[in-house]
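One chain, chain A, links the two complexes that follow: it is found with chain B in the first and with chain C in the second.
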Partner chain A sequence: MEFKKLSPIILAITVFLTGCIPHQSVEEVSLVSLSGCDYVDEELTECTVAIPHYGRSKEEVPTEQYLSYTAKTMKEIDNGLESKSPRPIRMGKLSVALYDEDLAIKDLSDIIDMLARDPHIGRDVQLGIVGGKTKKVIGTKYSENQTTADYLLGLVEQNERNIFPKTNLHRFLYAYYGRGIDGYLPYFLWEEGEVRMEGLALFKGGKFVHLVTNDEVLTFKMMVQNFNQGVQAIELDGEEVAMENIGSKVKYKIEGNKDNPKFVISVKMNGVISEISDLNILETNKRVKKIEAAFSSFFEKKSKNMVAQFQEKNVDPLGLGHLLHHRKGEITQEEWNMRYPDVPVDVQVTVDIIQTGISS
Partner chain B sequence: MNDAKGGFNVPENLMVTSTMTFFLVHSMQVGVGMLGFEKYIAEGAGYDAWISILVAGIAVHLLLWMIYRLLQDCGGDLVSIHNFLFGKYLGGLLNLVFSVYFLLLSLTVLRTFVEVIQVWVFPQLNVWLFALVYLLLAYYFVIGGLRVITGMCLLSVMLGLPLLFFKFFPLQIGDVNNLYPMIDASVSEILSSAKTSTLSFLGFELLLLFYPFIKDQKASKKWAHFGVFYTTMIYLVSAIVAFIYYNEDQLQHITWATISLWKIVDFPFLQRFEYMGIGLWAYVVLPNICLGLWAASRIPKRMFKIKQKYVLWLYLVILLVISSLIDNRRTIDALNTFTNQVGFYFLLYIPVLFILMFIMKKVRYRHGI
Partner chain C sequence: MWKWKKDKGNEFPKQNETVKDVTKSLEQSKDFMVYPLDGKTKCVLSYFETMVEPKVLNQLILPALKQNALQSLEEMKDVIPVEGLAITDDANLYRQRMMQGHVIIQMKEYDKKFLTIPAVIAEHRKVSIPEVEFSVVGPKEAFVESLDTNINLVRKRLTLPQLTVKELNIGKMTKTRVAVLYVDGVANKENINTVMQRLNDIEYDQINDSSYITQMIADNSNSPFPQLLDTERPDRVTGSLVEGKVVIIVDGSPHALSCPTTIVEFFSASDDYFLPWHLASGFRLIRLFAVIFSVISTPVYVAILTYHHEMIPQDLLATIVSSRADIPFPPILEVIILELTIELLREAGARLPTKVGQTIGIVGGIVIGTAAVEAGLTSNVLLIIVALGALASFTTPVYQIGNTIRLLRFPFLIGAQMWGLVGVSIVMAFFIAHLIKLKSIGRPFFSPIYPLRFHDLKDAFIRLPFNKQSMRPIQTRPVDSARFNQKRANEKRDVDE
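And now, the complex of A and B:
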């Protein structure tokens, strides 16, 4: 009985309620898939966005429209971009956000804060730093059957399955807000219509301070996560020997107490020999042992060298301070900044060659 | 001594089975608190706050046991207990205080949920219009009686269940090191966090009112405890997942940790899971508001023998007006803190009742009444 009286009211309200909030359907908004910001001068920043326009058929590759605007604050840029667009701009489907090197050296804090605050931006957005102008990276058509955003996302995902460590907005924010840990983002280089990943940009807070080059990236990944990809070549007795990583595990140990810690990073890597000039040499077990030792010392030397560089620039992408804080007790960021450059860090790498391929 | 002071009988066709106690207790406990409690409990004991959840859970079990003893001894509901212990006037006053408290619970849940929608989905949302529609829906359930509300509780628990699976996504990229060093916080810090988590556990005291509606009251005891246990476990898992996913300094920057966790959930066909999570949460929140309103309006009905419908209309208007008047984050935060504290003292009141009842019984026996 009650329901009979109420139902028309409820029904009426549900119908009218749909008009309460201004809303737009997907066809009526511009969904940004790719954005980039460039340093112009001390005050001005130029931002570029790519907006795909979808055609009628499924097979058709969407055409992309590029909009740029130069202004002082992000809010002004937002308004400026709107003024150039026939439809309202929405950031909900942003998948890649790029920043140029100069801006990153200056400071990205404001932009990071904005990304963290906005509920419409996903936490799996891929961030990246570009050597050169992001406008060029965004404006180039790389593939006939993919949009630039998809292409760049594919590029990063492919490389992160391989030798690059995983990065996204969440991981960066984790390091950005956390104490005793600094973030890193992939570094892109644009050259003559081609874009490639050129290393990892390490951040101290919101500032880009150090670049891990491409030949160091594998060693870096080995120290931050377990993975099973990547090839490393070294020279041994005048021969080129290449080993494929088929499984590497990393462990952190802290010896000593909170005030006098010693970090020991131990890596166990299983490998397969994939390239060697003279296969016959491989016949004996002794030879394998020698290669293993050579790779071990190669990785150890390289990683110790890298850690020394990090300490010199006081940037802690490995999160040693974070680890110390959680394992040995409370430590503040200031305290860690003071002590990090002199803290002893040892890296031990054990390489185990399991296979030498199908020929011997 | 089941002499039912001021007792009454609930017709059997309005009763619910004892199993349903599980859903009633659990769904009233889990509400908007769960969307963001991680940040608040970590303020006291840091990442040892998961122990606080266990402590709070055990305390709630104890209180639940007391409530059952109280109800069994008196054989009625909260109104009968108050009348029995304090007489008509003082008891009546306390009853009204409880009625307002249950209304406050509904208000907190309603306004906080509307805020979540405002911040995450529709910034331009018209608060009073949305509240009106939501409250009309609640009215429809409450007027249907406890059985209808119980049905809603059951549905809400079922609908909320799949959301638990999505805790798996953040676990994959989390860092267990965040939880170490374990048990580093002092006892007082752990207790202060346990106190902060009160808001998330509030709701089981509604048993004081719906107890007479349970068919097999002895058997329901087990189910009520199961309900509380289940709630504690859900909070424990949620807190640990959030602590593993965020580091301590980062968590302080995040207002709704649970919703932010959904952001990392990604399907090929659904990129932004949090919208779906918030949508489903509307069903989790609804029984909260319904049960709160039902309990709040039931007390005057029992006291003054007036129709529950009229009280309900009055309360709905109050809720609507107040929730439209609150219009910023600060006030909502203050409302939550206030409810948290008030709720804590209401829970402290239960042992007091328990002891009074104990003394009263002794006295009466001695006088041979």
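And now, the complex of A and C:
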């Protein structure tokens, strides 16, 4: 009965307070599709956003407006950008957020934290590091019938279907906040009006510490997720042999105990020979065993080399500490940081060539 | 303060009337005939010209009276070849019988004792095909306005001695005949008693249609949801009876009411039982989806466009923004304008004669729709959503719940404008709480879902094949809950085995 008496008051309050929520219809706001932050000096950061302006008909490619502002804190930048925009700026439709290399080397923690807290920003925002200035990447029109945001998003998605491992804000935050695991983001390079993916930037916390180059990316992806794309070429007996990956599976094993772990990363890869100078298919079939062995040792060598590099830089993108923590018992980040460089890691790659092509 | 109100209601009918009083009052009507018969038999005939079948009067009653010299009412009773004669001296009955189209014979004018001869004109619409609940397959008979014909339609399908028909008169003025049907030994006594008690308790002057009864005996008469299922299909009524439900048929109404009912029953069409079970289940799911879509689509549009821009898919953004670029209204006004237009069209279509009504559809659909978009009053994205929503609301197989669905989206719209998707959720929570609380003749209305009746789910969202329907719905608490013996049925071999 108490509720019955109170309910009209509650209803009145809620109804009248709704006026306090700011709300604009979608065509009355500026929806940021792209953002980029550049290092200016020790204190200042310059942020650039791209805002698409949609025309009367949906067939037109929206014109993009670029706004830049330089200030110390993100909040100031927000206000500064608003002061340049005719409509309120909303971050809800942000699809790609870029940061320049210098800023990433300094620290991205504050910016990551801001992204993580904003409920309007989706968890599938694509993050990226740019070698050079993000302003240039954002300000270039790459395609006649696509906005820059769509172009960049397409670029990343296309490559992540291929040899790049999947990355987005959600995955990065998981690694960022996770224990014994470090995040990685795609690395872009802008050169004379063209942008391309140049590798993977590995992070220790919020700091960019190591770059996995393009020729290592396939091997890296092989170690972090199951996938079925990508071509790897090696030299065998003086000729080029290229193999297409049609399915690779990765398994992590921990031998030993919590204090003396030994990690075994075993990868099983099924491949198809896609290019070989030898034209005789029968001849190729005889050499399959040899080619398989060559690829196995190639991947093993390469991945062991990469893991050694990671250990040297004390960055753990594979999440070995994370696995240890979950499988063998609690381990703190500090403890792991200390032990990680000396942990033995073995990589075993089994390559299985299933087919050598349809003609001889 | 309200005393005068109470007193007024009791004036009718007058107590302690004599036959003379009644006759005097009836004589004011032009169609009331009273005349003495001179001939072999001397008596006084009185009847309503407009109520009495001339054939009965001229070919059966008058010849009998004229050919025989009869001295008393008892003798007449033996001679007149009509069934249902009665001799009585109850003045109240005099008025009642007269009104029901009986011919009344007295020896002298204003005589207390009289003979009543039923001779009512059996004039009513022929049994025709169902129009509201039309189905392509299955029987094509629908109830008509005559109670006797309707009961006959049910009895024809359910030749069962246990089928019991109880009758009562409701309405102080109309004295409408209301029949309560149930299968004895299947229907729960409690349900029957509840229905009978509620019907007996009705205090009102007129019952023009079964929908009066629905509203009066509903457990919660303030609810927008109908709590008794109305149907014009005799096959649906027999289906309900066999499931242990109680059916109310009102004289003068072509719709029967069945209770207790559940919300899912309002979304199941009779087609669901005529089609193979997987197809029927598929259509039923489509219908349920349509209802949810119809209620939710425009509120979600308002909520997303006003508050949650991030929820618009990237590929749709350009379409929505460019179609809304010229619109001078916020989304909520745009939606309300369009929804009201659709409701206006529907009201206009329902009120106009059929032939004019057809033009309304064309005018509304084509002219107003495209004109509104071209004039920049609404966006074409919304036009599609509203049109689909309206279309989806037409899929409800029971007309009554269709009306509820029509208006249900407006509270959702208000919630969406005020609090965005949170508002939609709040209104949804409110309606779900209301539905959970709701009862139909004392049985939970939201039944197979809450309280969860696992057995009843076999005929809720999907309809399982008949061999799985071995139990009558638990929600109605039937006395005999088994439809057939599952064990014995399983023993019988399939033809193809």
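One rule holds in what follows: the second predicted complex is superposed on the first by the 333 of 360 C-alpha atoms of A that agree within 3 Å, B and C clash if a C-alpha of one lies under 4 Å from a C-alpha of the other, contacts with A are read in each partner's own complex, and residues count from 1 in each chain.
FYI, contacts are C-beta pairs under 8 Å (C-beta built on N, C-alpha and C of every residue); 3 or more make two chains touch, one makes a residue touch a chain.
Note that the coordinates shown come from a computational prediction; the quantities given were computed from them, not determined experimentally.
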item	value
Partner chain(s) touched by A:L323 [first = chain B, second = chain C, both, neither]	first
Touching partner for A:D124 - first (chain B), second (chain C), both, neither	first
Touched partner set for A:R171, first chain B, second chain C, both or neither	first
Partner chain in contact with A:G92 - chain B first, chain C second, else both or neither	both
If touched residues of chain A are counted for chain B and for chain C, the larger one	B
Intersection of chain A interface sets (partners chain B, chain C)	14, 21, 92-93, 122
Residue numbers on chain A that touch chain C, as the complex places them	14-15, 18, 21, 23-27, 29, 31, 54-58, 60, 62, 90, 92-93, 95, 120-122, 150
Contact footprint of chain A on chain C as seen in their complex	304-310, 312, 314, 317-327, 330-331, 418-420
Chain B residues touching chain A - in the complex, by the definition given at the top	119-120, 122, 124-126, 129-130, 132-133, 136-137, 139-140, 143-144, 173, 177-181, 184, 246-250, 253, 260, 263-264, 266, 271-272, 274
Chain B partner contacts - residues on chain A that touch it in the complex	2-3, 6, 9-10, 13-14, 17, 20-22, 92-93, 116, 119, 122-124, 166, 170-171, 173-174, 176-179, 181, 322-323, 326-329
